[in-house]
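Structures incoming, each one as structure tokens.
In the two complexes below, chain A is the common chain; its partner is chain B in one and chain C in the other.
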Partner chain A sequence: MRRARRFNINGILVNAAALVLVLSYALPYVYLLMTSIKPAADVQQIPPSFLPAVVSLDNFREVLQSSALPKAFASSLAVAVLTTVLSLAVAVPAAYVATQYRRRITTLFLLFALVTRMVPSVSLGVPLFQLLKSLGLLDTIPGLVLAHTSAAVPLALLLMSAFFEGVPKELEEAARMDGCTRFQAFRKIILPVMIGGIAVTALFTFITSWNEFLYALLLTSEATKTAPIVIAEYNSVYGLAWGAMTAAAVLYSLPVIVVTLALQRQIVGGLTFGAVKG
Partner chain B sequence: MSAIELRNINKVYGNSFHALHDLSFDIRDGEFMVFVGPSGCGKSTALRMIAGLESITSGELRIGGRFVNDVDPKDRDIAMVFQSYALYPHKTVRENIAFPLQMAGLPKTEIASRVDEAARTLELTTLLDRRPALLSGGQRQRVAMGRAIVRKPAAFLMDEPLSNLDAKLRVQMRAEIASIQRKLNVTTIYVTHDQVEAMTMGDRVAVMKGGVLQQVDTPQNLYNRPDNVFVAAFIGSPSMNLYEAVLNGRTLTLGSNSFEIPERVFEYRPSLNGASNRQVIVGVRPEHMNDATIRPSSAEISAPVTLVEALGSESMVHLNIDAPWVDAGDPDTVVDIGDERAAVARFSPKSTVRAGDIARVAVDAEELHFFEPVTRTSIW
Partner chain C sequence: MSGEDRFVLCMLAPALAILGLLVAYPVGLLVFDSFFKVDTITPHIREWVGLKNYIDALTSKRVAESALRTIQYSVFALFFEFTFGFCAALLFSALPGRSRWHRTVFTLPLMVPPIVAGLLWRFLLVGNIGIFNYGLVYLGIITDPDAIAWLSDEDIVIYSVSFADIWLTTSFVALVSYAGLTNIPKDLLEAARIDGANALKRFWHVTLPLMRPVIAVIVIVRAVDAAKTFDLIWIQTQGGPNHASEVFSMNIYQRMVRFGDLGEASASGTLFLIVMMLLAAAAYWKIWRPAHA
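Moving on, here comes the complex of A and B:
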């Protein structure tokens, strides 16, 4: 009896600690959400209140009626989708070859991918600006896609390598014995087996591009401005449109949150996929 | 015709490791050939080279008379069963078995009928719509077999297909694989490190060690007429007991024991005739050493008993023979309990010897094996 009671207390303590952690993660976002549904007059009140006195959707109406935000959303979506497709097209086969046909050079290749992840984005901004300028791709969707892909490919490569480490070599060999060429074995057997890992990598790549701010700031101006830039511009020399800014930020975060919640099982499964060989 | 010919096959890896040395032999059409040997002997490498999954450094490989050294695995018309089964986890049993037929471009109706036929042969009919994750080890093994037999290939290659099964299922599947092979009469190469599997399944067995072929022969011949010390010790369980001995005329001296060798032995091993203090390696199988109090013999030795394992139908008696023990060179040898040099004798269960006794052991001297101490080859 005493034992059962002690267990319950432990359980309550663990749950309380988990709740504190979740709240500390979620608090900034909840505050953003609360601010976005406050009436304009309450947004900048001093002292600030956490909960809105009245729920108002005025901020959302304002940002949706402005011409800049929907266009920026479209740019963000186009850039993120194209970056994801391009990154996966490069990283998935590269990671497969690097892990399944291990040579000294493939190990160096993966190490180099890791190193490029460590380089601060800001230090690559200027060379990227020069490169895209010389190619005539400044302030274009393809230009920003290329810039984002350069950042996303190493991430996708490292994630996919971890997933491919868990794939037994015999699977490809069995497919080759069953009549496949190496490429057919990859396409018909390995890719379908890896679909969970590819989905996780696609999601992380998409989020990397969707949330990217620095390259978008440096490499775009009016034509292809992405949503993070437009959201930041609510704070300008003409004033701080705090309510509109939070509403735009909430709208911008929703697709990512919805997709993440929908795929949470695959994401957690995918992240631990390579940990233990089955 | 699907005979497989290996001529002076060598495999040297990039790090200069010479995995296979001049492998040469023929596997006849419809024959069940077993490659057996300890870990690292090159048996799986040889199989993978025949499959086309490993390149051939030098030599010639022919399947059905066709030179296939550089032919892609998919074009060799051979099917392979892997140790891990390598089933496609995203496909059902039906789709797994049908896959090689789809790749061959067969019509759907023929694929369906051949999958059903294979499923009936392997008793998989009720499992056809399940995914591999929902199958037991034995069922997975059957699906892997199904994927191989459905193609009706020129040859089957099997790489330790039973090693992941428990002992009971292994015995059952061993018989099933052998029976399916006999029924289909397809040339089969089966790799195993288990000499019992090799002896019970193979029409012929190729014994390998350190990338070198030691002997290819029928299981009976390997057991009765081993070419060298390694084959003698590797084939048979418990292993043949091997000791250094001295032959002088007809008298064999084994440590502190001496006994006469029967005349018949010199008839079928004529090169032993006229020996004068000749050093030899003598081998005796456990079943040729008996309790002299039950089965007396003119060739008798006495040795202290270190351990008795009573198995009901027989007793394994471990003896400490005082002659120099010979290491057969099997890297997988399990050191005998107590003393790696102990000889093992297969005594009748009626024997009353106990650990600590000095046992009188009757040696069936007509069944002794003799080997050259330097070359370690059999003396005939």
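Moving on, here comes the complex of A and C:
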């Protein structure tokens, strides 16, 4: 009897603590949402209030009517999609042979990918600036795609390797018995099985490119500014336009958050898989 | 060469080409440039200066200060991220109902772009309209909402800018730790309980040793990421006030873009790269290996 009651009190305490923790974690982002739907003047009132007194879509109207932000969203989307396609096209086959055909070159290759993840992007950004300049690709979509790909390929390689670890070697052997070449076995048998892992990797690659700031700052100027650059500029160009800035920040981050929450289980699986198995 | 070897090479070649062109070649270029005086503002200046760029970087007060700040920032951020994240994971695994709902909300900051997290925290901490201080007044921790100038006090700004980092990445620590905790065999903890170990002892002698590889991965990944931080701090303070929040990556960026000094930026970039590699290697040998031995 005494034991059971103590367990209950413990359970309630644990639940309450977890609830407080989770709520305090969500609070800052909720405040961002609340601020974005305040009338522009109320955003800067002293003292600030958490909830809007009046709901207004002025801030959203302002950022969507400006020419800069919609154009920047288009650039961001194009860069992220192309980066994802290019990275997966090279990383998926490489990750497959690196895990299924172990030999010295594939081990070295994976090690190289891992080491690449440690390279600070500012170190790589300096020479990439020169490289793109000499190729005439500064401030172009393909140029930024190449820069983002340098970070996305190692990420995709490591994620896909973790997924391919789970594929039995017999799968390819069976396909080969049935008369497939190695390429056919990969394309027709392995890839369809791996579609879930490829989707998670694609989403991660996309988000990495969509969120990227430093390369975009270094390598673009007028023609292909991405969304984070334009949002950051609300600081200087328009003074401190907090209202517009919060609306732009919501438009920029909410789609990714919604997709993530929808696919939450697969994503957390993909994210923690490699680390825990490591 | 056998057919199998040819297949391996064909599948590997595109990735090798991309990494060669976009990682290995630029790193080579970085090291090469670090021995030259290169001016990007007045073009066509390129002369061999040997180790001068390195000597300048290593003796510059501003570089040394930015390196120190990077360490302050990383240690501070990592300490709180790890403490909060690990406690959250322990709490979630102690929840009776599998804590699915809690973890769903907790995933949220994971997907918030760093630039948005930086802006958001700047908005929370900024003078006059920052709601954070009003919250502290409400809780009775401070009496005046102007008592702490988080982002304009040179003495504390390097710690204030890490709040956004802590908020953003505690989730990563929590979710990875949680996955590690669920992998610990239940009967092991049960056996320890039957042997009379209390909760604290079970945690210290069973959970913690088994979590060692997971903790190692978290610490390595997060330490490297924290030391590389650029966007989060840039969006909050641009390194100010008076360089008080200028970390190493920002120092390199400033030299490259504002001063057009490609040679010195390359030398600092090379040093940064080497330190990160050494850090990761040391962490790997010190923390990870013993668990395998």
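The rule is simple: the second predicted complex is superposed on the first by the 243 of 278 C-alpha atoms of A that agree within 3 Å, B and C clash if a C-alpha of one lies under 4 Å from a C-alpha of the other, contacts with A are read in each partner's own complex, and residues count from 1 in each chain.
To be clear about the criterion, contacts are C-beta pairs under 8 Å (C-beta built on N, C-alpha and C of every residue); 3 or more make two chains touch, one makes a residue touch a chain.
Note that the structure is predicted; figures quoted are calculated from it, not measured.
Asks: Will chain C clash with chain B on chain A after the two structures are superposed, or do they fit?
Replies: fit
Asks: Thinking of the overlay built on chain A, is A:Gly136 touched by chain B (first), by chain C (second), by both, or by neither?
Replies: Neither partner.
Asks: By the touch definition at the top of the document, which applies to A:Val193: first (chain B), second (chain C), both, or neither?
Replies: It touches chain B, and chain C stays clear.
Asks: What is the contact status of A:Glu173 with respect to chain B (first) and chain C (second): first, second, both, or neither?
Replies: first
Asks: Comparing chain B against chain C, which has contacts with more of the residues in chain A?
Replies: C
Asks: Tell me the contact category for A:Ser253 with respect to chain B and chain C: first, second, both or neither.
Replies: A:Ser253 contacts chain C only, not chain B.
Asks: Please work out whether A:Pro28 is in contact with chain B alone, chain C alone, both, or neither, and reply first, second, both or neither.
Replies: A:Pro28: touches chain C, not chain B.
Asks: With both complexes superposed on chain A, which partner does A:Gln44 reach: first (chain B), second (chain C), both or neither?
Replies: After superposing on A, A:Gln44 lies in contact with chain C but is clear of chain B.
Asks: Which of the two partners, first being chain B and second being chain C, lies in contact with A:Pro127: first, second, both, or neither?
Replies: A:Pro127 contacts chain C only, not chain B.
Asks: In the overlaid three-chain picture, find the nearest pair of C-alpha atoms across chain B and chain C and give that distance in Å.
Replies: So the smallest C-alpha gap separating chain B from chain C comes to 9 Å.
Asks: Which part of chain A faces chain B closely enough to touch in the complex?
Replies: Touching chain B: residues 168, 170-171, 173-181, 184, 189, 192-193, 195 of chain A.
Asks: Hey, which residues of chain B end up touching chain A in the complex?
Replies: Against chain A, chain B makes touches at 51-53, 72-74, 78-80, 82-84, 86-90, 99-100, 103-104, 147, 151.
Asks: Okay, in this complex, where on chain A does chain C touch?
Replies: Per the touch definition, chain A meets chain C at residues 11, 14-15, 17-19, 21-22, 25-26, 28-29, 31-32, 35, 43-48, 50, 86, 89-91, 93-94, 96-98, 101, 103, 105-106, 109, 112-113, 115-131, 146-147, 149-150, 153-154, 157, 182-183, 186, 207, 210-211, 213-214, 218, 228, 231-232, 235, 242, 245-246, 249, 252-253, 256-257, 260-261, 264, 267-268, 271-273, 275-276, 278.
Asks: Applying the document's contact rule, which stretches of chain C touch chain A when the two form their complex?
Replies: Listed in rising order, the residues are 3-4, 7-8, 11-12, 14-19, 22-23, 25-27, 29-30, 33, 88, 91-92, 94-96, 99, 102-116, 119-121, 123-124, 128-131, 134, 145, 167, 170-172, 175-176, 178-180, 183, 213-214, 217-218, 221, 224, 227-228, 230-231, 234-235, 249, 252-253, 256-257, 262, 265-266, 269-270, 272-273, 276-277, 280.
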